[in-house]
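Same chain, two partners: subunit A is paired with subunit B first, then with subunit C.
Then we have the complex of A and B:
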């Protein structure tokens, strides 16, 4: 009898100390020209990597071996080796790269170049720029449809989501959205495309087949001016049921019922919250707070902020290695 | 049978027409004066295309968007010489353009507006700061992109009060615009709790702006001019005529900062502004014009962009439909100021944050934190609805 107790006690003890999920997050710090590495086991910064000037868009390569970070003021994308946590190489991009998207095979990288109204295509293996697509003024948001056939680019002054056929590299549709579209995200089942408009203050829900706006999410926070609500980053859970939207200087993340598109909750985070990433097990959502120089950790199922981690100056983007 | 055939032919005609449809053409006129007003500082000397260069960039931006919507924007420019009839020029431009961006003095602007009133052509005031154009002399066919003197003065006053520099020595020039700016500064001091401890007038006695031994003389004049002042925190200068203000920094009798027309200057835009995506705008402008972007450039850019924005939303080349859209309460435009810019519906003045700049850097942006308003904090800048004298007609 006591033996059984002992065993279960040991099991319990093991469960308590063994990390349930040790993931590694990489955060780009726009002002300090660094990337902070966060261990989600202890929720601490384990390393700060020096990178080029003005790091913003950041993402793991498909094989999980490298982290790509767009360093806009150096007009290139740097490659961080995840094993040695050092910059080991760089990729060509157009001038002032900001955000980028990768195809599923990890062969091509599509880069938004804010300064010359183009999306550049970079061959990741050969590390050369293989083409450019002319888009609207100030391209920013980039995402690929789950089947990889359509690339979405948002242009901030043209106020459009451009649908680009990845096979022909031609624009096949343009959807006008509210002012200054910053970020685009598909639901995993491809049923909806969400586009955030920072100055317009809304998130447009687009039918990716008909390519029309079918609904809009707007936000209303008592005591806050409408102008202070500026949606940027978007995260949608894999089951397509819950959306999270970072509201910039409103210092809040909106929780959205992704079926009815109603806002169900506002979570108070740090100042000027922009981008976000889920841990691979989707238990946590990490958001970057630019002005308070920290990252808030949101417990996804409890819909609560459980932790704040200090990083570098003006944290901008965030990415996780997929296990 | 015949009915079917006719219908089929009809459809074909519609289809080919749709394919070969000409783009919607939107003509925008630009009406300004020839020549530029000289500045005291050589590095601030305006370029001959000051303002126009901003409108040109907006036309490029509008056309980049327009190629996805089959819309094409053009810009036609008229520069008035001293004796030219502004009303005639405005009517000529209106014959070919649905909108006119104006960089005109207040009286000329009113002449143009009244000449165009019956045609329904809309003027976008990019150049004149006069409050009266938005108050007793407001017009229903004029949208004001330029901020008013009172908006600029309030923006400065909020910062000086936040800084606890509440005792002002006000020095105004002797020309009409200087007096108007001084009046706006007095109003701002009263509104935000600053105290003007003394006022002085700097008389313009004429003379050349630039001489080969200028510095020696100025270095003797300015300390003398500013001596024996009551205790003050900041010297606020109203000198739109560019006679003396730029000579004040580092030369006052007491060591004090300067604000207003020199030192810390309130402006709608500055070549040093790089927040909120503005760096992209600055880069685009520099690439096109090989110089930095001024406030007037930005005001003209915003004017042409507002037309572009309204045209893309209405998908119409009809100026009336576009004007109606601009007047809607939900209209807004993004202009790299960190928030949407909207129109005050009682006088069509564009609400906008104001930058406080020192010539090299952006020091702050007003409205300052803590200045609250029930509608929009941007309405803490300038004449607000309850005080307005404007009756749009």
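Then we have the complex of A and C:
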């Protein structure tokens, strides 16, 4: 009998000491024109990749082989080979590409061109720009509905979330939101679309079917001026129960009950927290802190910041390869 | 106890006798503490006032640097918590010194010092008793602080224990050394002004040393050579499961020096405690 206990104890101990599977995060550093590679096993930067000028939007290709990074001042999207961790190619875009979204099949890339008021469509296989969609002034936020039928683009100055039919490539609806909408994110079950408004200081909850605002998340941090609270990046867990919202110069990430839309906690991170990405197992959420030049790691279940890692200058976007 | 019935001198004491003595002194201190509930409450109120009022006002001041042992950004109240833990021990150490003066004035110390056990051992037991009381106060503070979102890693509550014992001994020994030089209870106000306040404010308890350096290089060096700074840093690191070796050495060394000094000071043959016509014994 005691042997069985001993074996069970050893197995439990091994399970406890074996590190969780490591993931690799890629962080775009807007000012230093680099991409920092973070190993989530040791939480250290393992490599810094030199890229084009003003890298911001960053995302893995669907096959997990390449990292795409929008280099705004070079008016293109650069392609980093995840195996060799080097820039191997580039894709066309309009002027000043900022954020982009891919369709589920990894066939098309939709790129928001900040200076051109357009969304460019790039064929990823042929590596050519196949069309442009005229949108509002200063387009930024980009996301696709989980079924891939609707593309959302937010335009910073027009203060709108544009609903674009991906089949016809036409705007089918516009929803007016609070000032300077920066980012848009669907719940995984498509029940809600969240749009952050940087100057308005709110996150609008939109019904994607009726295309109307059904609620708004507001923030209040004791001791901070209201103007310092500027929501930008959004992350929603796969079960749709918890949302995380980066609050820019408030240096906090708000934890939101995604069902009641009530803010439950504010987590202190670095200066001017911007975008975020979950590790593929959703154990951790990494957020970029633009002014303090680092990335903070949030333990998702404990809702605690556990570490902050120094990266390049002005970290902006972050991505993980999805399994 | 030092000689047998036949008159033969016995060399040394048994372990049981040492333990009986330790037990007696620690119990006396514990009972005294338990009977003085207001002392317990006031020992807790002081750091809590700092935490709930002072720290809230300074919340945004600390700055953006991540300093060891912290691995990410922290709020000011999280920063000052170890300093407040050390403050509890500092006040407790000085309070013990106050009680030594009181005992001397009331004549209770004579009862203690007539014990045949070595004087250094009696003083060490008194120190241990004082440290044990300070541990109770610190852990009560940590429980309240936990509800204020000051939550170090769970194992930190254990790893901080040796650091608290060592810093408690150091501050207690310092109090004992000081008490040897105080003739009357009324002089204790001087201890507040000349020991507690300067030690507390010229340390890393309220501001990190890099911040002090930015403000005044001279004050930075004063803080750096203040043993209380190292008590705070030892506690801070231990609370986050780390060891600050420099602080450990400083606190360990100071404990030994203060302890030897107190034993010397309380030795009537050589010590600093001069005989005189005061109330009890001097």
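The rule we apply is simple: the second predicted complex is superposed on the first by the 305 of 323 C-alpha atoms of A that agree within 3 Å, B and C clash if a C-alpha of one lies under 4 Å from a C-alpha of the other, contacts with A are read in each partner's own complex, and residues count from 1 in each chain.
Basically, a contact is a pair of C-beta atoms (placed from the backbone, for glycine too) under 8 Å apart; a residue touches a chain by one contact, two chains touch by 3 or more.
Owing to the predicted nature of the structure, the values given are computational and were not obtained by experimental measurement.
In the three-chain model built by superposing on subunit A, subunit B fits alongside subunit C with no clash. Look at A:200: by the touch rule set out above, it reaches subunit B but stays clear of subunit C. Legend: residue contacts after superposition of the two complexes on their common chain; A:160 is shown touching subunit B, with no touch to subunit C.
By the document's definition of touching, of the two partners only subunit C reaches A:223; subunit B does not. In the superposed model, A:296 makes contact with subunit C only, not with subunit B. Touch counts on subunit A: comparing subunit C and subunit B, the chain ahead is B. Figure note: vertex subunit A, arms to subunit B and subunit C, all at CA centres after fitting on chain A; angle 90 degrees, rounded to a multiple of 10.
Of the two partner chains placed by the overlay, only subunit C lies in contact with A:270; subunit B stays clear of it. Residue contacts after overlaying the shared chain place A:181 against neither subunit B nor subunit C.
Closest contact between subunit B and subunit C, by C-alpha atoms in the overlaid model: 10 Å. In the superposition on chain A, the residues of subunit A contacted by subunit B and by subunit C do not overlap at all. Residues of subunit A touching subunit C in their complex: 223-224, 251, 268-271, 292, 296-297, 305-308. Contacts from subunit A toward subunit B in the complex involve residues 96, 114-115, 117, 136-138, 155-160, 162, 171, 174, 176, 179-180, 199-201, 225, 227-228, 230, 249. The touching residues of subunit B, when paired with subunit A in their complex, are 61, 64-65, 68-69, 277, 280, 283-284, 305, 309, 312-313, 332-334, 338-340, 376-378. Within the complex, the subunit C residues that touch subunit A are 56, 59-60, 64, 66, 71-75.
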